[in-house]
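Presented sequentially are two complexes of chain A, the first with chain B as partner and the second with chain C.
Now for the complex of A and B:
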């Protein structure tokens, strides 16, 4: 991670954007991992938080406040509030119902923003950004967001909070019997995960310079982080970063060399990851018994 | 008054199609506990198949109903047999993502084969309609509704009366007991997924007659199928039908919303996904088992 600090020194605009995207997806993957991996509530609506964060920056920019710290701070407050308000009814749902309700939240928000004139409706908003030679600020800001998400995950995973999340994932009723207020911890997990995605969005908006619903709530930013979390390893600290590095990197290459069919490849990649590596690379690296255990794991869920 | 009746009629006509979309989705979900995110893509493929048969060989869309069913049933059966069955008992995240990846694949293949242009199946009788008590009803949509009712009826009979149908229901009740009685679960699962895909294909054919066709057309139907399942009650044929009709009516009225708050124009027609989510949340909070449903997890 520290090595990534060196990237802007190369003064290569394209490479810088590639790595900034990797960091952005890493932050979102950490966000997803917290609610989907640790707490066991598989959210398909993290893009809602990303979009909210991005629109926070856009609104501040429209009021001539162009300060990344203000952007991220506002994004954190708004996403946390949104997570609490929406989370109270939605986090009562489980399994498929939760998954599809969160999927609906992303789509519904996109619909709503596309109909709100103050937010530029479907034609979008321009967001002020610094001049080209200073673009590295966005890079470092995104690096900080990703680092913050990673460290946040590291410390939460070792704290009482993290144990409460895992207890809810393993058995919600048992956790409740032990005195863990499931609703409260689920909302906390969702709010923190939302803040991670929202901060990434808040830095993304000025860096991108333009925002409309299809960019802010894109299916890519919704599904990428999930696949990254799975590829790296669900419920691990290193997983999301490893997954983001590999998948966002691969996606960038596909986009460069197969611009027309890169989504097709991406679909195939998801299928392969799910079938071959559904327990993640972190699990694979620590695997005892080598290839045989891995092959055995492939048939574990066969009909 | 006759505006209200017109909306009601439009809702029922659209609801019949939604019922067929939801029926296949509901079977796959109820019996295998898979949320099939590729369902929308199957609807899209059914619509394109109909379009291609119509454009190249002038096959009437109603005649391509069985063709869509057979082609997509086969594709679905093979997919389940050789791909999805490998992870069918994994946690929901796995199958959710797997079917999402499949959906991406199909949508992008369609994008390459048919490009992103809007297509349509315009038959000679496409514009014909009749007026009843001030309500205009296009013949195509009426026949589509009738076809939808026939299809749901046939499905219901087949599931309750046939041997395979009984095996399917037994598998959904208790896999172990079904296996002991000689049910080949892998085969039954493949049939169920094939049925889901086939019914989606049929729905696609029905949809192609009244809606524009493009590679991304399936997504809104996918979300609606989910809401219809929850609304009607999971895993029952009647549930899908009732849910589809009720949802069709709710949507027909909700998309008529058209008001101004200050200078902000709020139009229901642009908020289809938001409406679907709102209905979903209300049902889940007020009556989680759906209108016709039994208690489920």
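Now for the complex of A and C:
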């Protein structure tokens, strides 16, 4: 992670953007990992938070406020509120039903924004943006967002909060009997997870300089973090970062060398990850001794 | 009766006219009894007699259709499930529910974090408490293993440790001895006696008659959702109604017939002269 601080010193705009995207996806993957990995609620709606965060920056920019700290702060507040309001009904659903409902949230938001003239509707709007030589601020801001998401996950995983999340994933009824209010902690998990994705969006919008619904709520931003979270290791601290590095890196290379059919390769990769590495690399090489665990994970996957 | 008289008379838990209906079936009807503070109440009955349903009502998982369970001055049905343990009631599950991916120590620590005194405990203090409890229930040797690796008797012990981590006044034990061998049952009984000596009131559901008789101070018998007997273990087991519920009315009739036949034989023997076969 610290090594990535060096990237902008190369003064190569393309490389910088590639790695900034890796950091962005890493932050979103951390967000997904908190609700999907630790708490066991597989969300397909993280892009909603990303989009909300991005539009927070756009709105601030429209009011002539271009301060990345303000962008991230507003994104955190709005995504957390959104998570509470939407989470209270949606987090009552379980398994596939929850996944489908969250998928709908992203799609619905995209449509709503596309019809709101205040937010530029479907033609989008410009976001205040600085170019070289100060372009690197976006890189470092994204680095901080990713680092914050990683450290947040690290401390949460070791805290009472983290144990409540895992207890809910393992057995909600047993968790309730031990004094854990499932509704409360699920909403907390989702709010924090939303803040991570929202912060990434808040930095992305000014870095990109332009925002429309298809960018803010793109399918890539929705699916990538999930696959990265799974590839890296569900419910682990290192997993999302490793997953983002590998997957976003691979995506970039495929795009560079197989421009016409890179999505085909990429799709195949996603299928292979889900089939063969459903518990992720961290579990494969890390805590629980190699090949046997991996073989077990092939037959007995539990989301 | 008010809560004041309840506590003055040493009643921990008051089950008042509890009825529970599932569709057209009354799994419990009009069940009433008190649980003395510091006692061990054995809850027995044939399969399907409503024992587990009653446990679920007491622990707040089910809301009774009629009647109420009162603990101190509170109606359990008014309290959300996750707050029942804050009142001082804990339970184990008949079908054990460990958090499979967590270690044994973490499983117990979660109880210590969110149970009755959890708010005052730091993460570290919770782990220390978990370690103490694992030593009490005899799981310290497997504290760092994943809960999913445990044997059945150890899983049952884990359930007890998790429940104890909530610092309860009343502990409901739903078949913690099922599937254990004779030695393990003795160990489990010793553990429960130890817990009871620490001042925890126990409500024990168990099929194993020997175990329940040896540990209970009072036994309540359910059959088809109704309370059919209550009292000291020896008295309850001698009750014809209880025998009938367990072994069926035909068995009771046959016992009566056997008694008659035996009496007739005895009479016949008395009538015969002592030198008859000489």
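We adopt the following convention: the second predicted complex is superposed on the first by the 286 of 303 C-alpha atoms of A that agree within 3 Å, B and C clash if a C-alpha of one lies under 4 Å from a C-alpha of the other, contacts with A are read in each partner's own complex, and residues count from 1 in each chain.
Here is the rule we use: a contact is a pair of C-beta atoms (placed from the backbone, for glycine too) under 8 Å apart; a residue touches a chain by one contact, two chains touch by 3 or more.
The structure presented is a predicted model; accordingly, all values stated were derived computationally and were not measured.
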### Partner, of chain C and chain B, that touches more residues belonging to chain A
B
### Query
Who does A:107 touch here: chain B (first), chain C (second), both, or neither?
first
### Query
Which partner does A:89 contact after superposing on A: first (chain B), second (chain C), both, neither?
first
### Query
Taking the superposition as given, does A:116 touch the first partner, chain B, the second, chain C, both, or neither?
first
### Query
Does the superposition put A:178 against chain B (first), chain C (second), both, or neither?
second
#### Entry: Footprint overlap on chain A, where chain B in one structure and chain C in the other make contact
none
#### Entry: Complex contacts: residues of chain B adjacent to chain A
29, 33, 35, 83, 85-90, 92-94, 96-98, 100-105, 107-109, 112, 185-186, 189, 223, 226, 230, 263-267, 270-274, 276-278, 280-281, 284-285, 297
### Message
Residue numbers of chain C touching chain A in their complex, please.
### Response
59, 61, 80-86, 90-91, 93, 97-102, 106, 109-111, 113-116, 118, 123, 126, 162, 165-166
### Message
So in the complex, the part of chain A that touches chain B is made up of which residues?
### Response
36, 42, 44, 89-90, 92-97, 99-101, 103-105, 107-108, 110-112, 114-118, 223, 226-227, 230, 234, 260-261, 263-264, 266-271, 273-275, 278, 298-303
### Message
For a test of understanding, state which residues of chain A touch chain C in their complex under the given definition.
### Response
158-160, 163-164, 166-167, 170-171, 173-182, 235
